[in-house]
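What follows is a set of structures for review.
What follows is a pair of complexes built around subunit A, which joins subunit B in one and subunit C in the other.
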Partner chain A sequence: MTTTSTAPRQTVKPPAARRSFVERWLAMIFLAPTLLGMALFTFLPIIGSLVLAFFRWDIISAPQFVGFANFASLAEDPTVRVSFLNTIVFVIVAVILQLGIALGLASMLQARMPSWLRVFLRSTFFFPLVLSAASVSIFMRYMFNEQFGVVNWLLSLIGIPAVPWLTSPVASAAVVVLVYVWQNFGFSFLLFLGALTNIPKELHEAANLDGATGWKQFSNVTLPLISPTVLVASVMAIISALQVFDQPYVLTNGGPGDSTRTAVMVIFESAFQQLEFGEASAIGLVLTVLILAVTALQFRLSRRFVFYQ
Partner chain B sequence: MTSEKTPGQPAPLHAPRPGGGLSQLTRRSLLGLTGLAVAGATVGAWPRLTGTDIPGRGSKGLKIAILGTAADAAARQGLVKAFTAAHPDIPVQVQAIQGADWKDFFSKILTMVAAGTPPDIVYVATEGAQLFADKLAEPLDDYVRRDAADMSDYFDDVHPSLLEAFMYQGSLYQLPLDWNAANMYMNTTTFAQAGLDRPKDDWTQDDFSATLRALRKARPADFTPYYWTNRLFGGVVPWLYANDTSFLTETKAAGGDWFWDRFYPNDPARATRGGGYQWLAPNAEDGRVIETFDYLRELVAEGLGVRPESGGGNALVGLFGNNRIGTTPAGGYWAQGLHDAGMTADQFDVQFFPRWRTQRHQFGAAGYAIMRTAKDKDAAWEWVKFCSSRDAMQLAIAKPNTTPTRRSMVNESFYAATGPKHWKVFYDTLDRFPTSGPIPAPPQQAAVETALMKNVSTAVSGSSADVRAAMGTLQRDLELALRRNS
Partner chain C sequence: MSSQTLHTGTDKHSGSTTGTPTINRRYRNRRLPAAGTVGRFTALAVAAALTLGPVLWTLSTSLRAPSESFNLPPSFLPINPDFTAYQEVFRQINVGLLVLNSALVTGLIALGQMASATLAGYAFARLDFRGKKAIFSLVLATMMVPVQVTIVPVFMLIRGMGLSDTLLALILPAIPTAFGTFLMRQYFLGLPNDFAEAAALDGAGPWRIFRSVYVPLAVPGMAIVGILAFNFHWNEFFRPLILTISEQNFTLPLGLVTLQGNLGTGSISVVLAGVILSMLPALVVFIFGQRTLREGLTAGASK
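Let's look at the complex of A and B:
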């Protein structure tokens, strides 16, 4: 005889499962403000910008759907083309200089020196990063003025004639790169300093015993060990350089000609000065795709040179 | 051995430690306190978070946006007080919007429009007059007609050229309150060093070149005979106007007779007045434009003039005061600036811009525009009308940091403290050269200015052949610029 129980089956969850359920909800509650913030201030504007790229909109009138016309006009506009080319050249030069200088100075600080000097140098190298890019650029604009700037005055003391720093295409591009690198290498410097400090001394001692010194030790021991930091620093430096705006805008206003006009400058000019918000969104979209592509490429290539301990 | 655990109760995660104060706080209490602190800070900062602490935001009064700092807004309190006394039923609030230049200011106003918090009235300069007239501003025609009797005093005192600069397609959009022509400032100390006197009123472009050469000879180093900046006002445009040309084809719209016939029937230039300037096509490859750019290129090549950077004239005040600049184009606004920098009235002087094919001058003006979105346009007009009265203008322009549009205010006592000796040049510019024109600023002004600025520097930095190439590029850039938002 079989007996069938008519009593409802009670499913008793084990305590661990109940805790997990509560923790999940708690996690959701705690994450909600951040997720809401990101949705409102990151994803929504991105989607809005994406949609806007297909409209013609001057803020005042109602948006008008134009399909791919904004993208077509970008291709026709020589200023946009030049600004993207400038940005790419700027990124290559600025990032190489920024990482090179940061790594060089961080390595230098590993050398034996009084701790007060180490602290002083570390603060000095990091200091430009905390300054406002706009105010630094205004200051540098006076420094590099062809007629009355300190830089040309110093050069005149050693007999070098005045250089048109901000009014010649090559010199102005060099000044923009210089000011940008001076202000931004401090971040990469700190990253490298941290990574170099974490390398166990024994490895260098072992390398010394094996006869590896100088460049060999740096390239075979130091560089592989800090390669994850190099990857992070380079990704951040490239993304930041692709978005350069303040320095060229204040120093040269994109000139002379278009020689220092960057992609973000063109976005700003299109949107907030020329009231072409659709076109500006289209340029922004192209720039975003470029940044994503470069970053993805970096991570792809990193498999070949990044060494994880 | 005694256990801290009470039978039947879970053990406390963090038992209180001996001692007192913060060390007794449990993690839960700390989290609770942090939550309270965050909530308190949010409540405290609520006016800032919601923007209700912004002066004028949410108030029912007229919101008036000006380019400047909070100090500039505060400086207008006398004006606001006088207006409130005359119109106690119309509360007003002056909002200062900071910007590097007019272009920057207009961008911020447009952002306010997009955010749904537009001001009711905006102080707009010639650079943005057509942008506002085309998209944002309310025409004043009906108000001017309605209050014609009240307005006659203003129009009788203001040169018609200044009004024409604020007409757009036959309608009047602003009453200009201050203005400046691009005159030529001279550093008298450097002129004396070079043995030069103040040039004659009708000096020519050749006289100007000779003056610069003499200045250079007297001060071979550490000195710039002619300093100019790369922008719409005071850059290449005054030279283009003097050479009877411009980088945009200048025409006049039809209409405007209602205004000229009523208020300026005896204007000697009445036949030439129209419904406002219009710049519809590029003209960069015109022979005279190329000739003008080439002249400036020669000045640069000869070391008589600088390669121009962008920026305003304020940066030059110190250098001019230190006798490191011989000449530069600027308006009446510089008199106060140089005085504040320590220059005495006899250390600088001013003259008309040199004659080339003509002696037509460039000028810029500014006045209040009523926004189409203004809730109470009648009240806004009362403000605009009040500000054009002599009393109000004297309150608003107490010092010569600009040139008042009322001729009667430009007098000996106005320049008594600052100079220059020949202050009459400022207003005489319009009387002597009535064809003088405004800054070429179509509704697409921002794109036009960008196109001009970027090609000026290229044109004046190379060879004569480079000028022609640069003008080709300028022509192309202007075509693109004029197509924007048209």
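Let's look at the complex of A and C:
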């Protein structure tokens, strides 16, 4: 640490009032880039979205006030309805799979094993997170190709006939879920791994002495102890799944029909393909309300079910 | 305590004598951990194969000659590599320009986030000002606003600023970071106060305390913010798809999707060679910054 010899020794501490004055100014300067940026690129756009949702506007002609018409047409628009339904089904299935796989693998990794193996497995499960969803979707699209895809080839080895993965409504929805979960389970896995490693060894030993083994030990000792992490992991998984876009856009472009169209895809399409900016804003607001509801639910649930040490 | 142990002892015993297979097996597992362990490691091996398999398949198919990319059985191990597909990628799309765009956008976002998050995080952690809690909550709240909700007005704002179809349109909105600010605040809160007091005794003002004492100590925290920003924005697809129009401003993920579009289903190995090329920087970050990346990703979850 460098000491400043120029500073007069007698004023060791600046008067508190003066110091806080300087600090206040410094704080304002320090916060300026972040707060100005957020004001411009987050808060202003939120207000913009709120206003725009009540207008019909295609950029070219003047915006026209339509009241709640955009919201009303959402409820009637079959594509919008289906896409929200798809999104909700997607969130439920993807999140359950993602959390289940992550928790299962994280607890299996607690078994005794050489440390190189643990490091290898941890890195392996974490690896898909660093890839881009667009490139993952590109190679997965080829893997799931009906005629020459590797998935159907593997299935043919065990005698299962070719599945039209990307051309049947149900199968393509399944592919979108699988590809999404493949890429994202590593995040929940890391959270669970951290939580499980933090459980004191003595607790499991004590439970063992009391005769709790296997599933009993897991449900009565492990699960309550990691419940805060389970809750956080599920909320984060839900919020990110609600915003799914890259995978269905690249894998299926919403099809066949509307079977894999998600809420965000409809926002994108109505704004940037049909130039219905008001409707897009209205869909965005509905999605935001959904996300806020999930977050609010988290706070409620955490008070009732989560066991904090 | 002792009665409990005794009780479970008899439990196990009765279990093994009644011969219920499940209890029996579990009882034996506790003595010879072989069966359960085999199951567990089989599951882990299958999961690892399913995770690495697609990536290995991508790599080895990209190393096939384009004409052989449809051949079955597919390859999982890159034997007899053929680099024609990679040459073809460079011929079909301007890889250099895409990489340059991606690097420029990602690098400037990362630097911008590191700088702005360090400043703001320090203010929230160590400086006194009115309304600190409220402003901090406001900053955190922006994390819950999905990018899709603000994208339409941001798109118009960018047009209004005359930045349509420029790289700046991708960079500027991504610099203010709630998560980075949160991380840096936590980081500064974790640093001891003594240094600041010692420096103040030596006559250092608030700016000097920040600049000479805390910034050097905050470098690891800044690295987390930078690496996270790099990983996220290198892979970003949604915003570039909307905010850039001409191919000369595309980033790598967009370029890849156009590469796929140009070819239709013509040659997989060329598209996959492009995919592998785009993964390389992420792979380097993963290998050298794995710990940092992991800590950064999980930092926000354990508030």
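Throughout what follows, the second predicted complex is superposed on the first by the 280 of 309 C-alpha atoms of A that agree within 3 Å, B and C clash if a C-alpha of one lies under 4 Å from a C-alpha of the other, contacts with A are read in each partner's own complex, and residues count from 1 in each chain.
In the analysis below, a residue touches a chain if its C-beta (ideal position, glycine included) is under 8 Å from a C-beta of that chain, and two chains touch if they have at least 3 such contacts.
This structure is a prediction, so every number in the text was calculated from the model and none was measured.
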Quiz prompt | Superposed partners subunit B and subunit C on subunit A - clash or fit | solution = clash
Quiz item: Taking the superposition as given, does A:T197 touch the first partner, subunit B, the second, subunit C, both, or neither?
Solution: neither
Self-check item: Which superposed partner A:L131 touches (first subunit B, second subunit C, both, neither)
Solution: second
Quiz item: First (subunit B), second (subunit C), both or neither: which does A:F148 touch?
Solution: both
Exercise. Return first, second, both or neither, reflecting whether A:S219 touches subunit B, subunit C, both chains, or no partner chain.
Key: neither
Quiz item: Which holds for A:Q64: it touches subunit B only (first), subunit C only (second), both, or neither?
Solution: neither
Exercise. Determine, under the contact definition given at the top, whether A:D77 touches first (subunit B), second (subunit C), both, or neither.
Key: first
Practice problem: Considering only touches as defined above, state whether A:D258 meets subunit B (first), subunit C (second), both or neither. | Solution: first
Quiz item: Does subunit C touch more residues of subunit A than subunit B does, or is it the other way round?
Solution: C
Quiz item: Taking the options 187-195, 259-267, 313-321 or 403-411, which segment of subunit B carries the C-alpha atoms that clash with subunit C in the overlay?
Solution: 313-321
Quiz prompt | Overlap of the subunit B and subunit C footprints on subunit A, listed as residue numbers | solution = 59, 141, 145, 148, 272
Self-check item: Touch list for subunit A against partner subunit C, complex
Solution: 1-4, 6-9, 11-14, 19-20, 22-24, 26-31, 33-38, 40-46, 48-49, 52, 59, 101, 104-105, 108-109, 111, 113, 120-121, 123-136, 138-143, 145, 148, 150, 153, 182, 187, 190-191, 194, 209-211, 213-214, 229, 232-233, 236, 239, 242-243, 245-246, 249-250, 264, 267-268, 271-272, 277, 280-281, 284-285, 287-288, 291-292, 295
Exercise. Within their complex, state which residues of subunit B touch subunit A.
Key: 103, 107, 110-111, 113-114, 135-136, 224, 227, 230, 306-310, 319, 324, 444, 446-447, 450, 453-455, 457-458, 461, 473, 476-477, 480-481, 484-485
Quiz item: Can you list the subunit C residues touching subunit A in their complex?
Solution: 1, 4-5, 7-8, 11, 26, 30, 37, 40-41, 43-44, 47-48, 50-52, 54-55, 57-58, 61, 70, 72-74, 115-117, 119-120, 122-123, 127-130, 132, 135, 139, 142, 144-157, 172-173, 175-178, 181, 195, 198-208, 210, 212-213, 231, 234-238, 241-242, 252-254, 256-257, 260, 265, 268, 271-272, 275, 278-279, 282-283, 285-286, 290, 293-294, 297-298, 301-302
Quiz item: Which residues, counting only subunit A, touch subunit B once they are in their complex?
Solution: 58-61, 77-79, 141, 145-148, 164, 166-169, 252-258, 261, 269, 272-276
